[in-house]
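Before I ask anything, let me first share the structure, which is written out below as structure tokens.
Labels for the chains are A, B, C and D, by order of writing; each one numbers its residues from 1.
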């Protein structure tokens, strides 16, 4: 059934592989970093946490150089269409590396690690591995690559979630994450198989061409897309695929929570956008009228549900981490709003919102960590009177929360502004959805303000007025994040231009 | 700017100056600066006397009028209207000159009197300050040339009366009285304000002159009913200030103020302001409006008189007589006896001030005993007071040779004429009520004279509790450091309290006003204050006297006879020339004519009535032929009805005050429970919804799982003991969503 | 100039940030200096203001110069939106007659607020930082001519207010603070959507690009984007936008039935914050209507004058009646300011110059008078630690100066001639009555005059006249000189008004009296702008669009 | 009859569908964590069968490749999963998935 390739073909294959490797440097570099970390962990003796963390930081920072070099390269496919390189991918490469750096920084500030685990070796290695996986998620253009990269991210995610081996909550989080993730990815791959069956293609661009050419049996197409959506939805943690996220976010180590809630969510969005924009033609678009399926209205439902569910359930949370988990569900809803617009402006808005969410969410979790370092609790009631004891942290947390609500002059406001602007440029149906978004953001104010309310308006139960000093370095980082939140809230042109520049996706031209 | 204008402005500002000086510095000035108040008022009176002399005596001209105004608010070039300014100004005509002199004179006398009466009060200086601001606002009303500034000073009079009535604010009764007075006035002011608004909304000006010119030119855009309404609403202001029915209730309570204040406010100035204002707007009152005014005046006169006959408090009797006399004036205006009622305004001001100050002297002498039942026999102790009081009483009762006789008869004559012109019937009620009230007036004044001055002293008859009340009042009043016992000798008051009485009594005699003791129309007053021609006559509801703009509208009333034919020729109904005037509105002309015709009838009837009244008083209180107590018992219902002032206070208390308080409480309950409740309700709903979602994972999901378990259970017997953990239920949930969407999609529910 | 007056308090706040929190006096003085400097700048602006220029819309050639004054217009943000051209946001400040009066009022009230904050002892540093932030935001709202900028300032106000009520407030402060926050945010978020929609519907005649400039939006001919959501032919959405904006502003006013946050906020807030809240913040609602709501959608405004008027009347009478039933003095004053803001609404609904001038003037006067009222309430509360009206009585004998000032303030509030409140109310009625639409409403609203007098006089009598109540909050004792004195429990200070309190009150009293006798200094600045506004709102102009 | 006699694509698909069903069923209902993981394996193998069948009937090698990778991934997943489950067993002394629900709501 197959005939062996001729020598010339093999030469061609090797040549193109060589060529492709040139486009693959950051990933390779990070893989090397990954191995290096493991080696260091093996050879180094004694307390090597700082050594590892510093190495990770430097390594990740170094990777940005290589990523920067890729701006020069032309956008295109590599590895026989397995993998693409475009501005969209570059954006996420920066995004993931930066979030990994922040995750490491946050980890260094978290004292719980010292209590829970002896060795940090695998931890940083896993962080780096997850970065690789997410970068590949953002860049893969083939069902196979999508599956592989997602599994890589998932596996590292399971391990990180369960990193506190002796901590039952952490292990429980790992188990739940594992089971849920395994099932979703299994469904997704089953959906892949169906798509492959329909189109005989695994490259998403070829798939879209195939669908455009011959059309498809809508029943199977629906089934396939739904199953795929299950996999992606589980990554972005939007209703109704969110069930794992509150438990996992609560149980995992806080830095991991922050990392998952920002980075892996973003990876899921990258994948979602690329796959649906490119592979599955949207039923509503003029030429491909009856092809594919109307995933747009589906996402519409999901986003509205996420905004309402996340914000409303968060009202009742007493644990700050869990509260932020629900809020992250809600923010997944807002991000979906940007995707719905399905044009360049929408993509730009989504990317911008991801950036703003990155800053403010990491900031919020950072403060949570600093506070739990001192109080050893993430309970809302234990935040009473902290505003006086930790002035800077309190102020910073307030700013981040305000930004999460979306009030000026913070970057979160600009994110919402752009998303809603994108919606309002598209007819009336979208305006109603925007109304829902507005309403829910008002609701969100209530539970976000619960935290400053406890910190400032209520007196702490044990009236010791001693100021808790979280340490110099964390405060500096905190201040930087806070200032960034405010600065980009007033002068957001660079971010927005970057998002604009990055909204170019290979294989499809948005208008 | 005419020199008289400048002088009048000086007159206006002088009392304000006294207020400012005294309110801030009275504690630093010897004698608390009372001499400053008196001196300033003396100056003011001097100037206004000069104005009076110049206007009335030198330029003996009914049509005298000078005006000056300045832009107060400039609204710029208003779209749809053009340049728009709100002007303030001063007008001086005969009426103004007379009022100016009268107000300053009485105010001066009251100041002088108070130096004796209020001596030793702890807020002595503040008292004079309040007198100052009151005089200022009263003069403002007199001088204003437009509705807006009249309204302003109107409210200021309300304020200063509030301050004066509540001068003894530590007495709860005084505090209540001042609030009552202010609120009652406010109610009237609302109507007045609405009337002003109606006129402004048509002409975009407040000035009398321009409003009348526009009315005469027929520029009034709305229907005639609106014009009538405007008249009646404006009149409501007078109802409040001049204590006309149904807003008269505040005036008797206002007797809580110091007695000189009562003289100033309730005799001469504040209550007169209402009548003065109606006179100012007289020319724009439609016949219907005039009818309403006439009837209200008649009712007030009658009702107050009936109440006065049973009151025992010397000041309350005077108070109700004031209300009754004010009813006369309003009645006079209503029936078109313009000059007469203004005449009565002035004469009444003097003799009523005299009466009040006299009663003050009595109260002072009796150590704040106000109940006539415990007085008596004072004529020997207080000859001056007795003489002046009696003279003023005669004037009030309207006996010949007094000023009151002239003015009251002129009014009643006008009423008769009015009734004739209007064709009798119900309209005869007005003169009838007038005459009957005249009789009652004579009766209760006679009663007062006898109870107070004649017979023996009845101080010892006084029950103990009243006695203590008197002392109580005395202490709280704190007028005297020394504490007399009432049985101590009653003495005549000092000169500074006596002199005003004499002056005022002298001004209550006929020759001051008219050479003929029987006909006021021959006097200078009614010559100088002619009835102006209406600008909204009956013949032509929207168009007034002057179709041709040949003469300035404010001269409408006083067209020279030489011009008369010309004017008369211009429209069909030439009125009848009378007293040098030509009334271009036939109805008005008829009424004035009939009024003059009915002059002597009126004299006869009223004299008879007065005599009757006095005789009754003699019969009851001197010769004791009829025992008042027995009579009272015989007609107890009427007696109580009168004694309790027709129960007006109770009625208002039960309806308006209770009602509005009840409404207020209901609304505030509504506010805090319903309106706010709605908001909180929404919040709670959200939280409840949150609760539902919150238990979502627990309850709904579990339920789903059980349901799934059940379905699976039916397929296979293997899965008997099905138990679900969380993660798995999550998975179930996921599957259900996918499946559900799948189904929905094919049942086309999504689209 | 305007930037300076806007950002002075924030600078002061930064300075305070550097001061150690133990140096309370320094902190107070710094903020006082900032407030005074703001006042000086306000006076300079007032002197330099040319009342001839109308404002409201752009001058000749579409440039704001020649119509607005003290204009500062520099591009702030220019986003590349690809297919949608670019998002241009300008730092655009300027004043016309409407805003310059509010600027002066804001400077005055915030200075007085600083003085009255002197008694704050708890966390002085944080307090004054937030206070200055609030002051800046308020000032910014009044001078911003770019909708985006306006919105930013508008939202920035919320947070400091939340903390100022929530931290330094009364016993039930948490509830009041969060209620205020949620309520006003709920009002403003929808404004965001309308703002975006307006942006895409309007082009700047000069640059031809989309713009947030309120000046450009105020000219209907600039709504020239075909098929845009708020294009002139798109009536339904224009009406929706009008209603959304109106509700957003009405919540701030506060207009029935959105007013319930106000009494709670006032009762809980500390005195200076009540002063700011009543003196300035409420005005932002009506200012927003005048600056944004009406000129942008004039035809909808014309259709809804009647409704606005009815709501104004409801505010007037309903507020007065509720005030009549209150037992807490401060709550009564709060309801009274609801009633007074009703006059503003009524005047605006008239849509003619008299009414609008009256409304603006009422905004100014209500600012000064209500500030006075709340200061006075604070004075007695400091001494007696209670605000229950029936806990007093006969105070006039023992605190004469206080009683005198209270009397002036109370009478000013009930619109006594000679005091500024009267002129504005009179003009409002004149305007409302002159317009055919609102005449019946005006006739009803006049009742408010009586009810206003009723509750004010009644409270005056119960607290100051008569004799001391038996359960009064102070003791009666006879001093050496034989006169009676009172003393409050645990009150060490001067019984009657002390110097600081006089320093706060006397300027307000003087202003109230002066403006009551000669209003032109304020009205003169208003008239040309208002006439222009009325012209913009008039159907004639609209028919040309 | 022909459907029954000659094995065609549909047969493969049917089997894989059944596998998927069984896998999901196991995941949803079984208490033992190990069995749950086996259910996951079933799901993956259902996908495998699909890929191979389609690859056979479409021509082209992508399906086969995919299947190979899925097998590898499944192995890795099993390894990680077992590690986690062992840890759970250490902490809870049981591998009952349904009993592990300390974090809820």
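Some observations on this one:
FYI, a contact is a pair of C-beta atoms (placed from the backbone, for glycine too) under 8 Å apart; a residue touches a chain by one contact, two chains touch by 3 or more.
Remember, it's a predicted structure, so these values are computed and weren't measured experimentally.
Geometrically, the chain at the heart of the complex, using CA-atom means, is C. Chain pair with the larger contact count among B-C and A-B is B-C, by C-beta pairs in contact. Between chain B and chain C, the centres computed from C-alpha atoms are 36 Å apart.
Distance between chain A and chain B, defined via averaged C-alpha coordinates, is recorded as 79 Å.
Averaged C-alpha coordinates put the centre of chain C at 67 Å from the centre of chain D. Note on chain placement: the centre of chain B and the centre of chain D lie 97 Å apart, centres being C-alpha means.
Each of the following residues of chain B touches two or more other chains: 694, 697, 726-728, 731. Residue positions of chain C touching 2 or more other chains, listed in rising order: 182. In chain D, the residues that touch at least two other chains are 24, 27, 36, 97, 100-101, 104-105.
Touching pairs of chains, sorted by label, consist of A-B, A-C, A-D, B-C, B-D. Contact residues on chain D toward chain A in their complex (touch as defined above): 16, 20, 23-24, 27, 33, 36-37, 40, 43-44, 46-47, 50-51, 53-55, 58-63, 65-66, 69-70, 73, 76-77, 80-81, 84-85, 87-88, 91-92, 97, 100-105. Within the complex, the chain D residues that touch chain B are 24-25, 27-31, 36, 96-101, 104-105. Interface residues of chain C facing chain A in the complex, by the touch rule stated above, are 77-84, 87, 123, 151-152, 155-156, 158-159, 162-163, 166-167, 173-174, 177-178, 181-182, 185-186, 189-190, 192-193, 196-197, 199-200, 229.
Of all residues in chain C, only 179, 182-183, 256-257, 259-260, 318, 321-322, 324-326, 352-354, 357, 394, 396-397, 411, 416-418, 422-423, 426, 429-430, 433-434, 439, 442-443, 446-447, 449-451, 453-454, 457-458, 461, 464-467, 518-520, 523-524, 527-528, 531, 534-535, 538 touch chain B in the complex they form. Taken together, the chain B residues at the contact with chain C in this complex read 72-81, 84, 148, 151-153, 155-156, 159, 166, 169-172, 175-176, 179, 182-183, 186-187, 189-190, 193-194, 197-198, 200-201, 204, 660-661, 663-665, 667-668, 671-672, 675-676, 678-679, 683.
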